[in-house]
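The block underneath contains the structure these notes are about, expressed in structure tokens.
Labels A, B and C are assigned to the chains in the order they are written; within every chain, residues are numbered from 1.
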Amino acid sequence: MDRGRSTSQESEEGIPLTYIEEVERLLGWRALRSRMAGMAVFAIAVMLAPLVWGDIYHLELLFLCHYYVMLACSWDLLTGFTGNVNFGHAFFIGGAGFAGALLNKHLGWGPMATLPAGALIAGVCGLLVGSFTLRLKGPYFAAVTFCFAALLYKWIMIRHELFGGEEGLAGIQSLTPDPLGNYYLSAILMLSTVIGLYLLSRSSFGLALRSIGQNETTSQASGVDTTRYKITAFVISASTAGLAGTMYGHAQMHVGPEMAHESLSSLVLMMAVVGGMGTIVGPVIGAYLLTLVNESLRFMGELRLLIYSAAVVIVILFAPRGILDLIIRGSSYLLPRKGKMAEEK
Amino acid sequence: MTTFLDILVLGTLWGSIYALISVGFTLIFGVAGVINLAHGAFYMLGAYLAYTFIGVLELPVILSAAMAIGGTAFVGMVVDRVCIKPMRQNHAYVLLITLALALLFQELMYVFFGPHGKAVQDFLKGEILLGNVRVTYQKVLTMLASWISVGALWAFIKKTKTGKSIDAVAQNVEAAVLMGIQPERVYLMTMGISAALAGTAGMLISPILEAVPGMWAFPLFKAFAVVIIGGLGSVEGAVLAAMLLGYSETAVSRLVSANYPDMVYLVAIILILVLRPRGLMGKRAQ
Amino acid sequence: MVNIIEVRGLSKAFGGLQAVVDFNMEVAQGELVGIIGPNGAGKTTLFNLITGFVKPDRGQVILKGVDITGLKPHEIVNRGISRTFQLVELFKDMRVVENVMVSLLARRVRGSGEGKPWQRALLYLERVGLLHRALHRTESLSFGELRLLDIARAMATDPEVLLLDEPFSGLDAEEALVLSRAIQDMHALGQTIVIIEHRLKDLLELAQRVVVMVFGEKMAEGPPEQVMNDERVISAYLGERRPRGVFSGC
């Protein structure tokens, strides 16, 4: 359809180059560069951490952080962006964890095989569940995800001859021969997850997801196949969680029903919320923070969980967009705003 | 025959309790669009307050009951004002803050009362015999009190002026505002009523089940199920669904296996959402 | 003249209420058609039926000879019909330019055109005069600017037909003028436009043809002058006779 002026003419005549430059600076590759630099610093820090905290206790603690980062970030991809609250993340974590354990115990598969298998199984489950449920509105989707996780948990407990009942399955092959190996393998998986999901969130895929979260009707009216995007995000979310679950099972050499319990879903959710939903980076902060705080409060004994849950409530009340948002807003007071099209606040 | 009577009696008991728990849950949703995941925590609060007043302080039952219900209603209103009101329009936020509150309440109860179950004495002693089934007066009282409470709520909403203002806001907030109704007041009041109903259920249950810090979870899940099956926002639907759930669970427990009743509501949710998402009597299109 | 859109026998009832009754309409390529009618006449429902947000009970919607009845909204957008909304919502948490960039994700326009997505988006903003607001947060826009942004968003999917739902409502005189000019410019470039409007003065200056909808049915149709002097139309709107020439917008 001939609409008259062509694109390249416009950019010479119609739009001042300074506009384009500024938009590019905020939305284009340059904006990404500074974020990626930050990621690189983080990655280096993670890789070098064992030099400072090289004892078994710390290595295992940080492994736990890696695990929760993967869980929280994967959860965030769906819920933080599209607004569909997933209350059953443990379905994929525990489901893949047990699947990997069973493949290992009965078929002798090693971690190099069970890790991708766990991710794949979780992804397929995500596809099946998502296809059924993502066309439901918000609270209904939340309820159904919860139901699937709860049903899995009950099934695991009922079929105790298969799943080991309350005690779960022990004697699973180790992830790597030693805690240092576990640390580095989990670090690689965690960093791949974070960087991969972050780049995804900054891409047009992420834009589509955000548009769904803010106004699904308008998004559809803009030609976006919202259901397909939601399902895709759910599948990615599920398989990443499954990967993490399988990894965890091997590292602990044990899987238990608590990996499919709703309290794990809640815990992961809280990490993402406290850190800052919808950012991928926020959940990283939330996971590290809550895991380390939880550990450091151990000395408080019975009051530990009380302080922990009170802190979560306070953060949600006073920083509803999470700690990441607090950091960003705090630092924006320190850095001056440049450019013609400085935004209004 | 015994089994049938058993199912009938127990099913009615649990159905009534589910109805009492769920009616408040669906009410606050229908009126304010709030899915209050702390609803189960109010139930828990009612039970623990009953234990404190009756069991520990040994106050008279009627007084304790009133204080337990009033206390729960008060907490509910504080939660609404402080936690929900600031970002009421953001549904995901409301889900998350109420969930966080539920977890906080659990820990508070754990710290104050410890992990072991706290039992309350039956309000009325004795039992009657229906056929071969023994029914304690407590259970009968619980059933009656549930029905009276639900009935009172219905009468309040349909017949009184204040109640009608709640109904008005549920149907059309803007129109209600034009009629001079203040929505925030209605939301606050509705939350108080909702919490009071949950607290009443908790208080009535406290002699039958022990009070434990984790007891907020199951009524929340059941309420959620009932409300989805009955239709979000529909009080009549909630009552119907509650009774259905009560009977189904009891039937499954007696006829199939004791392992499975807890899965009935989960399967029911999934079935309803696949077959008839708006529920049996759902009216509010979200 | 080629008919881009044909609506045949479209009907929709909600509960007991017939919102749209056996509605027939054609829109030819390049036309600017107005749809008017009292409140509750079913105009927005008609748009919802055409754009797939509501499924009709009976009838068909045909786009360039192809039956698109009952397709999902995003599929209809990708076939070439875009619409704006009476209650503009947009993506509040995004910047203005990102709102338009969402439309550029549609299969229909994805990867076409030159330049990065934000460059293409800037062009659409420029056409509605919002270029200077490109990086601002959507929530900082005025009501009139939000309307224009909604139009830019809809235009970015390169539609065959653009449906505007009460674009003038709530605008002041200056904003209405800007909007009117923007619509005229688009029409001059060949865009087919259908506008639902309640503010008759704004609409009658733009429309080549007017369709009158009352209680879900088409009551009258024709050039603006003719329709506005139709007795039935006058009484449907005002409930009484009015002298000629005194007819001003609501």
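Couple of notes before you dig in:
Criterion: a contact is a pair of C-beta atoms (placed from the backbone, for glycine too) under 8 Å apart; a residue touches a chain by one contact, two chains touch by 3 or more.
Here the structure is a predicted model, which is why all the values come from computation and not from measurement.
Across all inter-chain contacts, the pair with the most C-beta pairs is A-C. Chain centre most remote from that of chain B: C (centre = mean of CA atoms).
Mean C-alpha position of chain A lies 33 Å from that of chain B. Averaging C-alpha coordinates per chain places the centre of chain B 47 Å away from that of chain C. Note: centroid distance chain A to chain C, computed from Cα atoms, is 40 Å.
Listing the residues of chain C that touch chain A in their complex gives 51, 53, 72-75, 77-78, 82-83, 85, 89-95, 97-98, 101-103, 105-109, 113-120, 122-123, 126, 131-132, 134-137, 140, 153-154, 156-158, 160, 189-191.
Considering their complex, residues 35, 82-83, 86-87, 90-93, 95-97, 99-101, 103-104, 106-108, 110-111, 217, 221, 224-225, 228, 232, 259, 262-263, 266-267, 269-270, 273-274, 277, 286 of chain B touch chain A. Of all residues in chain A, those touching chain C in their complex are 1-4, 6-8, 10-11, 14-15, 19-20, 22-24, 26-28, 204, 207-208, 210-211, 214-215, 217-226, 341, 343-344.
Residue ranges of chain A in contact with chain B, taken from their complex: 79, 83, 85, 132-133, 136-140, 142-144, 146-148, 150-151, 154, 158, 262, 266, 269-270, 273, 277, 302-303, 305-306, 308-310, 312-313, 316-317, 320.
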